[in-house]
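Here subunit A shows up in two complexes: once beside subunit B, once beside subunit C.
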Partner chain A sequence: MIRHFTIDGIKVPFQERQTIMDAAMAAGIYIPHLCHNPEFRPQGSCRLCTVKVDGRNLAACTTPATDHAEVKSNTKKLMAMRRTLLQLLFVEGNHVCPACEKSGACQLQAVAYYCGMLAPEFTHFYPQREVDASHPEFAIDFNRCILCELCVRASRDADQKSVFAISGRGIHVHLTVNSPSGKLGDSDFDKHDRAAHVCPVGAILPKHTGYDVPIGKRLYDRKPVSMVGDVSDHEED
Partner chain B sequence: MTDDHITETTNRVMTQWNNDQSNLLQMLIDLQQALNGIPESAINQISAGTRRSPADIESVIGFYSFLHHDTHNPYRVLFSDNITDRMLGSRALAEHLNSRLQDIDTATVDYTSCTGMGDQGPAALVNGHTLTRLDKERIDQMAALMETNTPLSDWPAEWFRVDENIRRRDLLLETDFEKGSAIKCALESGAEKILEELDASGLRGRGGAGFKTAMKWRFCREATGDNRVVVCNADEGEPGTFKDRLLLQSFAERLIEGMTVCAKVIGATTGFIYLRGEYLYLRDELESKLQRYRDAGLLSKDIHGEAGFDFDIKIHLGAGAYICGEESALIESLEGKRGIPRIRPPFPVTSGYLNRPTVVNNVETLVAAAMIAVHGAAWFRTKGTEQSPGTKLLSISGNCLKPGIYEYPFGTSLEVILKDCEATHVQAVQIAGAAGSCIPPSEFSRSIAFEDLATGGSFMIFDRERNLLEMVQNFTDFFVHESCGFCTPCRVGTSLLKKRLAKVASGRATGVDLEKMRIIGSLTRQTSHCGLGMTAANPILETLDKFPHIYEPHLLSTTFEPAFNLDASLEEARQITGRDDPDAHLQGGGV
Partner chain C sequence: MTDMTDINALETAADPEKLRRVAIEPLTRVEGHGKVSLLLDEENRVKQARLHIVEFRGFEKFIQGRPYWELPVLVQRLCGICPVSHHLAAAKAVDQLVGVDQPTPSAEKMRRLMHRGQILQSHALHFFHLSSPDLLFGYDDEVAHRNIVGVLAEHPDLAKQGVLLRKFGQEVIHFTAGKRVHGTGAIPGGVNKSLSLSERDKLLADIDQVIEWSQGALDLAKRIFFEDLENNRRFARIETNMLSLCGDNGALDLYHGGLRAKAPDGSFIFDKVDYRNYGDYIREQVKPWSYMKFPYIKSLGSNEGAYRVGPLARINNCDVIPTPLAEAARVEFRAFSGNGLVQSTLAYHWARMIELLFCAEAIKVLLLDSDITGNNLRTKGEMRDEGIGVIEAPRGTLFHHYRINEDGLVTQANLIVSTTNNNRAMNQSIRRVAADHFDGRELSEPLLNQIEVAIRAYDPCLSCATHALGKMPLEVELVDAEGTIIGRLHKDGSRIVSRCSL
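What follows is the complex of A and B.
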């Protein structure tokens, strides 16, 4: 017998070991997320997929689906919290959409549009972060990193290389590269790595192709993220 | 320091820890103790030995605030920066030491989170070793010793003395304990009987959450998996707490036996005491007590003569990370990783240390379990309330004449406690540490109990002379420093709260800023990954509700104020353009 739970009143079937996010994705129900990618082990750090499960706030990507659970996702309160979470991400890094070559194909920007975030209302941190352009085919702009750890997971689990790591603590947490100089060009990173194609924002970018697709004709320019899905689903290896 | 010396020392430390990558953190701590820091040149060697990448090793060093690369400073002084230390003048002492040492470059002075000496502060750590009762005279003497490069072993022992400071004894502390008695009783009764007794006693976890101990042990006993593990959480990091320090220092036999009783019940072979780095001074004595237990046949192989009952206990040190008091982060740290709380389920009882079934209990819980094994549930229930049987150790500090450790039956009211410790003109009591509750006098009839005011043991008193906003800022700074940085709301939210509070304190805030603090605070409370984030905004949210008067006098009457002075920020532009005429200024600071 197939088991079910509901998301905002819609009946969603699920199988053993599926999370709320897995079941929702399979049923075509969009729950906003940034650090989740079904290819990799969920980690639940961005917290955008926070939903109310039988009255408790839980991350949909790490919470196992249970029979008859009542899940709320698209409520006014949860959407307001998601907007605030997005504002936190925007002020933490240096996200300048009009000047970013990822604009229009950036999941952070797309989710912000979907959730109705209009402006970052909090004090900007303006952190001093560097750009690593040492690799011939890829660049890392740490200004845009949102610490989703997808590249860390992809490099470790899919590529078996562990090119990326997370160091520091608290607000000083940052992405690092495993190489003698700490530079990408000095590492085992390759353009065919899975880690090269999972970044939801403009932090890990291929060189020389920035404006091949003009602004206005990009992934999220005509359809919202809730219909198009994750940016990594549309990246060509 | 020669390269050969570094290579040799690194080799020795790694061999000592079996080149086992799950002991990485312990290797790094020992290496730092031996060489005054972790030389960057040692990283590749550690990487080769442990098969963990250099970036991975750096990420562990980067997580723990006590670990550092610099090997040039023979002295590193960290002042305990809890509000209670500050109230005793710690900041002025640190600045004084800093000014004394200005001309020598062999020492650094900095701050660290509460070192667990709230009853005998101001306190500090020098190269990891605890200093208590600091005053200006002692700071001068310390500076003189540092100027002459006197090794710590030649400093007066008195400076490192940590007193017990027991002010009130009850069930646990006044009852004698015979070495081996808890293990003997457990073996005679058998695991199932012991578990029934523990269940009947109603013992609940003393770390603060209050989960029923018997239930935790039973879940673990019934879980599938070999090589079970007992972990004692001695990472007493909640600001203002120091009662586990006493138990580890003077009642360690009970702790060792409590762990052994647990091992018998759940079928564990391995035990860990995860000792916070701030309690380094307790390690050697604990090690020798463990050795005495082994020598007496009460630990290691065939314990108490029971063939096949093998269990031993290792000590792992922390390195300055409050989050490692969270049980799943503690397990990550035991495995030599960054202390990031795990996703739950699975819970440690089914998948803990190296994915084995694991019980993690607070020091006080394990001590109580040992006593229950000897004296039974009825004895334990003679004190406390129906829902909170037994007693609770409180660490009392702040504005009172008799700070120290007090053992009270659960159900004791704040009024009684404040009278006993001779606190007068009390403005507020902060219960359960930085993440706890701030209680105004109108609620002093409330009592310490899981059903009323639950606490891990921290009890900080503030009299009417104190500015509570400083307390709120201190606790908020603490969470900024201790957030692991894994999830968005805690990582970013705590820093934003700190900024807003600074705006309030500087007199530039308006009602809108208080509203923003509520929004961010409520977000971190509702969406964070773990308990730290969920409670990090408590100091602000609690006081906004119960002590609004600490904010209101600071507010401007306008609805909006920028965080900076607009006119002043134009100064650089005026200098560049050489202008100072009225049109180059904004009237009223720009608002």
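What follows is the complex of A and C.
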């Protein structure tokens, strides 16, 4: 017997063990998200996919779908909350879209457009962070990392390498590289790793290239993220 | 008329404490922020005149540690007024970093097209919007009327042409860089797009009109210059050397060439200099009263080596312009001064409009070239650790110089922007005006405006010169000669600049 729940009034079928996000994705209903990628175990850290399930705010990517549940996603309140979360991500790092090579093909930017984020509201932190370009083929710009941990999960679960880890607490949480020097060039990271192709923003990028796709032809130039899908869907090594 | 020695004395007054200080600030109808300070004695005689442009050089520091392949796009944040010039100068430097000495024909032509679009729109803006009020109405016209609104009211057709010429230039930028501002376009070793047939046809449909209007603007600039010839040729006039890029065949080339410098008598100081050796020919002098440096021609020393850049220098320096209408205008321009160089500061406007016409004609040539829709857009070579890109920006020669480490991150950057190249000349021109027109007269707005008219002729981009970072956060440290930090400024995303404690 097929079971159902509703998202914003639309009937969505689901199977045993599916989360709300899984079922929504299968049904082609977009719920904004950044740290989720169906290839990896969900962790519910970015909170962008927060939906109202029978009156309670829950992360769609970690909440199992239940029969007859009434889920609200595209509400004014939830959208406002998502905008606030996005604003915080933007001020917490250094995201300079007009100069960034990922602009136009960046999931953070695309989700921000989708959620209607228009003007800055918070004061920028302007953290001082570095670029690690020690690897011959890939560089990490820590200024743009949003700590989604997708690279951590991809390297650990898909590549069996655990090149990346998260350390620190609270405001000091940051991405680290597991190598003697802490540099990517000293790790066994490889350009064919899945971890090289899952970053939703411009933090992990191939070297010696950028802005190759002209404006107007970039991933999110013509269609919104709700139709295009995630950055990692379009990345192969 | 006072001579050159007299105006040099106006750089620094002997006893400044006893003098009355007058500041012109902010300068109107000039791009960016700058200020002029005058010191006057009891008889209203000018004893000191200085143009101050605060050049922080914060940008060179900011880009340290950034990946080199970002540079052409990143440096556009240097200046909101002339981003395309920085984009292309950096792209030329980055070509060298990736070992490309000659991009493909399509790539080079797309970049040239973008560049001509930028110069066209910049020159049109300057002439129609910023300078025409002075030129049409006179320096002593009512302030409330001496602006673009006044031009709109009395010369609506002219004002409209200015707007449409600019629009066309912006359209060229849009089609070559993908956007009117903060485009991409040039990438290491080439470009990311060529023109589609529909883009080319759209521009072709308007180009003849653009050429006609440009010719009209040139005729107007020339007519204005000759209407009051005696005053115009003398106003703010100084004798200097002229520096520009020039094609190896001597032709006007705004995108690429060797460095050429001419002395006032028209003889060469140097020619066909590979700009990667610019450091052997150009030096920058530091003066205690100015943040901005004073470049000079090394072989001539810091006083004799003063030079000017921009339209006046370029039209004086080249032997020929490769398009017929602009070439005819050049011949007439050069005949004006016999064998020597045209040194009248107000002739900048005339020269600028010759370039406007050249750009319009040369855009048409590119649009009719099949390479502009070609698809061989990029080449690669062996990585190098140093790259120097030089271009003739609307306002003059622009130098971008980078070094990178083996990871590909910038370790060192040096930029000499057009306005810095003209720093000494602009200072001398305002001293000329002060010496010729101010002595003993009661200070009035029209008199002060003459100082601005002199500065405006150079079309300085003070925004570029201060390396303003737009909305980028910036912390600037002021370091004294001994290397001690004497001040620190913080500029946040809202463009608020505050002083931080040390």
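Throughout what follows, the second predicted complex is superposed on the first by the 237 of 237 C-alpha atoms of A that agree within 3 Å, B and C clash if a C-alpha of one lies under 4 Å from a C-alpha of the other, contacts with A are read in each partner's own complex, and residues count from 1 in each chain.
Note that in this section a residue touches a chain if its C-beta (ideal position, glycine included) is under 8 Å from a C-beta of that chain, and two chains touch if they have at least 3 such contacts.
This one's a predicted model, so the numbers in the text were calculated from it and none came from an experiment.
Once chain A of one complex is fitted onto chain A of the other, the partner contacts of A:Gly216 are limited to subunit C, with no touch recorded for subunit B. Looking at the superposition, the partner that touches the larger set of subunit A residues, subunit B or subunit C, turns out to be B. Contact with subunit B, but none with subunit C, is seen for A:Leu88 once the two complexes are overlaid on the shared chain. For the contact definition in use here, the residues of subunit A common to its subunit B contact set and its subunit C contact set are 123. Those residues of subunit A lying in contact with subunit B across their complex are 42-48, 50, 57, 59, 62, 64, 81, 84-85, 88-89, 91-92, 121-123, 125, 147, 162, 164-173, 176-180. Interface of subunit A with subunit C (complex): residues 94, 96, 98-99, 101, 120, 123-124, 126, 130-131, 133-134, 139, 141, 185, 207-216.
Taken in their complex, subunit C has these residues touching subunit A: 65-67, 69-70, 72-74, 76-77, 98, 177-179, 182-185, 187-188, 192-193, 407-409, 472-473, 492-493. Subunit B meets subunit A in the complex at residues 53-56, 58-59, 62-63, 65, 321, 338, 343, 345, 480-489, 491-496, 499, 516, 519-520, 523, 526-529, 563.
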